[in-house]
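For reference, the structures are reproduced in the following blocks.
The following pair of complexes shares a single chain, chain A, combined with chain B in the former and chain C in the latter.
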Partner chain A sequence: MRKWLVASVSAAALVLPGAALAQDSIKIGVLVALEGAFAAGGSDAVRNIELAISEAGGMAGGKAIETVIAPTDTTPDTTIRQARKLVEQDGVDFVVGPLSGSEGIAIRDFAKTVPDKVFINGISGALEMTWVDPAPNVYRFNLDGAQWGQGLGSYVVNEKGWTKVASIAADYSFGYTNFLGFAVDFCRAGGEIVERFWVPLGSSDFGGVIAQMPDDVDAIYLGMGGTDAINFLNQYDQAGADTNLIGGTIMADATVLTSRGRAKEALVGTPTSGAFAPDNPDPAWQEYLAKYRAFEGDEAKVPSLFGVGYHVAMLAAIQALNEVEGDLSNGQEKFKAALAGLELASPLGTITLNENRQATGSVFVTEVVEGSDGNLEAVFKARQDGVTQTLGLTADEFRAMGLPSRDTPDCDALRGG
Partner chain B sequence: MTDTPPPGARNATPPAGAARPSGQEGGAPGSEQKLWIERIPAGWWALAIVLLFMPAVANNFWLFQVFGWTFILGMIALSLMFLAGYGGMVSLIQMSVAAMGGYMVAILGPSGVETISLGLPWWLNIPLAILIAAVFATLVGALAVRTEGIYTIMITLAIASAFFYFTRQNYGIFNGYTGFNLVVPPMLFGVDWRQPVAFYYLSLGLAVLCYAAVVYVSRTPFGLALQGVRDNPRRMAALGFNVTAHRIAAYTFAGAIAAIGGILLVWQNSQIAPGTAGLPAVFDILVIAVVGGLRRPSGAFIGALIYVLLRTFSPDVLTAFELSNERFKLLIGLGFLVVVFFSPDGMLGLYDRWKANRGRRDPLTGKERE
Partner chain C sequence: MRDFIAKRPVWSAIIALVLAVLLWLVLAPWTEAMEEAFGRKRVFLNAIFSGITLGALYFLVAAGFTLIFGLMRNVNLAHGSLYLLGGYLGFEVVERTGYWLLAFPVVFIVIAALGLLLQHQVFRRMEGEELRQTMVTIGLSIVLADIMLWIWGGQSYTILLPDWLSGPMTLPIHSGYDRSGDVAYLRYPLVRIAILVAAIVIGVAMWFTLNKSRLGMLIRAGVDDREMLTATGIRIQYVFLAVFGFGAGMAGIAGIVGGSFQSLSPGEDTRFLLASLVVVIVGGMGSIPGAAIGALVIGLADQVGLVYAPTYSVVFTFLIMAVVLAFRPQGLLGR
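What follows is the complex of A and B.
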């Protein structure tokens, strides 16, 4: 008897159509990394999604919002499997996510196979996701890795007077992309990049690179994050070097700032740039921060980059759904048009999308200082609004420069132009 | 490991009709020699019919994702089962060999990365990919067979992690961190093999072929000698068998099977990146093989099905009980623990014990017990 029960239940599971859509609710798939290196950021992203939904009263476009969380491990393989499950088995209306760069590229290709479903990026920062052969149904309301570097280059030239730098950065796509954003801005402001070093992700010995570092530079650009950055800083300190540092977007994160030891001493006074500044005085940001802290029940908690990204993506989805009154019929045509034309008033300032459905928005320059309790903090220094996908170049100029790689961009060409 | 075959491998009493690893089947005494088709038990016929008519009931997600992935992982785990079950060598390189096959299809054939991919036609790039992966497996095997037991595991693990880091750092051939996208199966006979039903039959067909190949090879003189090597390498050497050559050849054969699985895996995801053969994936293959049971080839596929079901639906199970689905890995881990705890020789062991209990036959005499 029990065997029959099991058999009929499994048969039912096989036969049940995945896309049993309830008319009075909107089902949103959330693709987010919940294992691996970004798991902590991933759970912050989930909390931020919940925050955005509770702010909207659990409703969008007159329908109740329902979410299905699909956990990934930041590998593109898993991401595609989970996206397929969301679309085919869970029958979600659209997907918010993914979190990391290579996942974003995989989702771009997957999205083309399901043109009737909208994909709103979570916080993937790969330039290629919306630049190389973009999918018409993928929307990105966060800036990409190259845009996050914009504003820092001109800041160090104009405010710090550093015009000659060497770079050491992680040897993978985000390292190249983030460095490209800095370098384009820096070179156009008149800076010179003397030498570029690329180190493998997860390196622990930087002795060779440190020994090769030229002495006559104003600063060293450091495009690494997490434990790589801590290892580098420790060894750099031990080698007795004391050149100024410039930080890439993921360098001045909590892992590095709260690390123990002498590593962080070298960091004081280091300018960095990124998607947000925790002490941004903008009222919209302060309001979000207050809500976030109340939601988390922690007065001092600072949201992560991932959390902020997913929050903005969810805000965009809710606003667009309200505009079309929850109408997802006809291949989600109205919803797509609403997303593409959205002028999103987000905690990070106004965000609009360009013809590749990529965000134009603000970049924040911060500087690392020693806080009152001896911990390091990143404090807001400047913001650059209206940073475009092509970093202020024309699309043709940007394309001619080539995709980010070890040798792109060519600094001399940019300075001359 | 060579002195200690997998639990029960030597003293097992396989149920009638199931493929035996020992290959000593000569028909039970007194029974007449039947046609091969009559010797296939009814259960297998039923399974074949269920699998063949699955597309009539299952939706695309189940066909493509659940069953497609099961057959693929099953093939890769099958290659490990062959090495571990018949050869007594627990190799952690099988996922890397599969990924090598997948990478080679992407590099030699067409892909989205046009600067690297050579775009050779399918009849050239697929055999070449399998060949290169098999050569890779042979080289690893040549290194690994000099060690035994835990050292075999360690050396293959070391090579697997080196392979992962190499593909992640090498941009000239493996395109580093990004890997290859838009790798799709060729349009053969006017069929788009990436459509769910077509892909289901493609992966099912290849899985059956690989399964049959393993069963066949296990009964050939080579397979029997390999099992002899597993049970007592010194005696086999004394009998004049080249122990090292047999073990290396086993790696080559297993490598070819893993490569077929790897190529299907790339086609299914339409992309390959270093994470495909990352260490978690490497261990998953071992978990699949152990959970299914190393005693017979079918264990690999049973383990793969359990793994895929847990992997796909564990977040939903947690959500159904209104628990935070962030902890879905806990459920996967618990599932595997339960299987291994109640049956150290995997699901096959459970099945065998259930069958033995049911028949109440004396394992020695084969007669009904009083």
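What follows is the complex of A and C.
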């Protein structure tokens, strides 16, 4: 008898709040990695979502916003399980997330099984998510890995005068994709890629590879991140090599810039590109940065790539909900239309979506300098607005080039065209 | 050595031939036809040298591991944690005092003391219970990894090298011709040469201790037949303590070396545990020359693979292990 009582009371406790609020609130599921390598970025993403909601006064389209956080560990199967839980058990209205590339591809496929729910990407950067067989209910307001490389190529050719490079990058999907963005831009600006080296993810000893670097190049493109990058820089320095470097998007991220020791010093003066620049002078960015710092209570804190991505996704959701006055009826049709036609004024500049529901937006070129406290930081150098999914090519040209791989893109063909 | 040549003349001849060809490839200038076929000589030399120095690092880690296993039949799965802890402590010492060499004795003593503590307080209580020991060492490695994450955080550390060790040096080995047609000599990171020399010195010292000293005699006897050694009245617990302390200290020193020419971060502990397991399996459990040969083979496979077949370089290491397990399960020099 007592068991029954406890069971029914807890069941009621679980059901009641949902039932009571269902009428006048919007329930948003947040898929975010809170375990594994990106856990720190994931918790920053959660804070940024809270910031966006509190900025909107906790309301969107005249209804109260309620969030359900579903933690993942960046593996696709956990992500699918959590997404299913959000949709089936928690009964969320739509989902914001996920965080990593392979999760994004998994969610694209899962989204096709629940066409009535909208999925707004968190910060997954996989090109395939919105390019290969995209799901009609997946919207991505951040740029993908290839777009993040755009702008850097023409910057090094025009500003630095480096026209002959060799590349060394990690041998996996993001390595290819990010390099493709750089290479397309670089080759079209007249650059030449002499040699490409691909090293397995997680390599720690690059002595043999460093020896292979040709000496008659202007710069070496480095498409590695985290510890791989640090090991490379350390050994590059020890081998006495001193060619200019060009960094891929994850080369000069916080992991490398905040590492301890001398390895990273080889990076000073290296141009790199990515989704944001911490010292971007744009008033919209500065306003966001001030709000973020006030919200975090830390005057010097810099948001992570993940945090910024989730923030923008949430802004998009709130703005679209306001436009349709919270109307999610009829398979969320109005909401979908509003998202697709959104002209989002974000801290990163104006973002619009193309026919694949993929963002067109700005890429920021930064350069690594030594900061006042001995740490390295990336300073804003240039921005390229209106970077499209096809990197300024037509969709057919982009498709003809092929999906990113070790040998794609063909530099000579791009320079000729 | 002489036994081996007498027993297996064919294998000895093959090994001698391979070594001679390698030596010739390293020392002789390459003709254009050879550069055409194998790529530039500089690249080949760098791959070989990187492989040997990486092997030297693996040897430093695996030597202690194999001794502990050979003597105590104890698979210490916390060995990788001792490596990483040694590296972090080395970083702190170098950061505070500025003396790179000072880190070695300090770390050796601290990590050896930790090893003694582990042996005396933990493993002695479960002697002969392999499963329990294995479980306890896994548990310890997880606890240590989390403590290290707590103290040093998730970022990467590289240990600052002294000026006299940074930068490259020129070796008297012919590496090709420069643009003006003069003979160019191989330029190679000085620190790697230093690591190689240090590993050889340590290896030779270990070999002498094992083969020429009374302690070495006790250890060898213990590896062969522990019960009989105990029965002759030797206090085997002291021998165990000495070996465990030494093995742990070696892992700590290897941590400084690894932190100086690679980097330290969470996860390196399991990477090096795995590397030393592979090295010890290939070389033969409990054998110091076996560990040296195993480390050399794995290091060379890793680097030569990375240069000439980057896609498959990860596979080579484990392929070698699988082949050794299939045809010589006791390891190359195991008994």
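Descriptive notes on the structure:
Just so it is clear, the second predicted complex is superposed on the first by the 396 of 417 C-alpha atoms of A that agree within 3 Å, B and C clash if a C-alpha of one lies under 4 Å from a C-alpha of the other, contacts with A are read in each partner's own complex, and residues count from 1 in each chain.
Following the convention adopted for this analysis, a residue touches a chain if its C-beta (ideal position, glycine included) is under 8 Å from a C-beta of that chain, and two chains touch if they have at least 3 such contacts.
Since the structure is predicted, the reported quantities are computational estimates derived from the model, not experimental observations.
Three-chain overlay on chain A, with chain B and chain C fitting side by side and no clash.
In the superposed pair of complexes, A:S54 makes contact with neither chain B nor chain C. For the combined arrangement built by superposing the two complexes, chain A sits at the apex of an angle of 60 degrees to chain B and chain C, based on C-alpha centres and given in steps of 10. Contact with chain C, but none with chain B, is seen for A:T227 once the two complexes are overlaid on the shared chain.
Of the two partner chains, chain C is the only one that A:A239 touches; chain B does not reach it.
Of the two partner chains placed by superposition, only chain C is touched by A:S259; chain B is not.
By the touch criterion defined above, A:K85 lies against chain B but remains apart from chain C after alignment on the C-alpha atoms of chain A.
Contacts of A:Q212 after superposition: chain C is touched, whereas chain B is not reached. When the two complexes are overlaid on their common chain A, residue A:P200 makes contact with chain B and with chain C alike. In the superposed pair of complexes, A:P76 makes contact with chain B only, with no contact to chain C. Of all C-alpha pairs spanning chain B and chain C in the superposed arrangement, the closest lie 5 Å apart.
Common to the chain B and chain C interfaces on chain A are residues 171, 200.
Contacts from chain A toward chain B in the complex involve residues 11, 14-18, 34-35, 43, 46, 68-71, 73-78, 80-81, 84-85, 88-89, 102, 105-106, 109-110, 171-173, 200-201. The residues of chain A lying in touch with chain C in their complex are 40, 171, 197-200, 203-212, 226-227, 230-231, 234-235, 237-240, 255-256, 258-263. Chain contact summary for the complex, chain C toward chain A: residues 40, 42-43, 45-47, 49-51, 53-54, 91, 95, 154-161, 166-168, 187-192, 261-263, 265, 267-268, 271, 302-304, 306-307, 310-311, 313-314.
Residues of chain B touching chain A in their complex: 57-62, 64-65, 69, 112, 165, 168-169, 176-179, 181-182, 265, 269-273, 275-276, 278, 280, 312, 315, 319, 325-326, 328-329.
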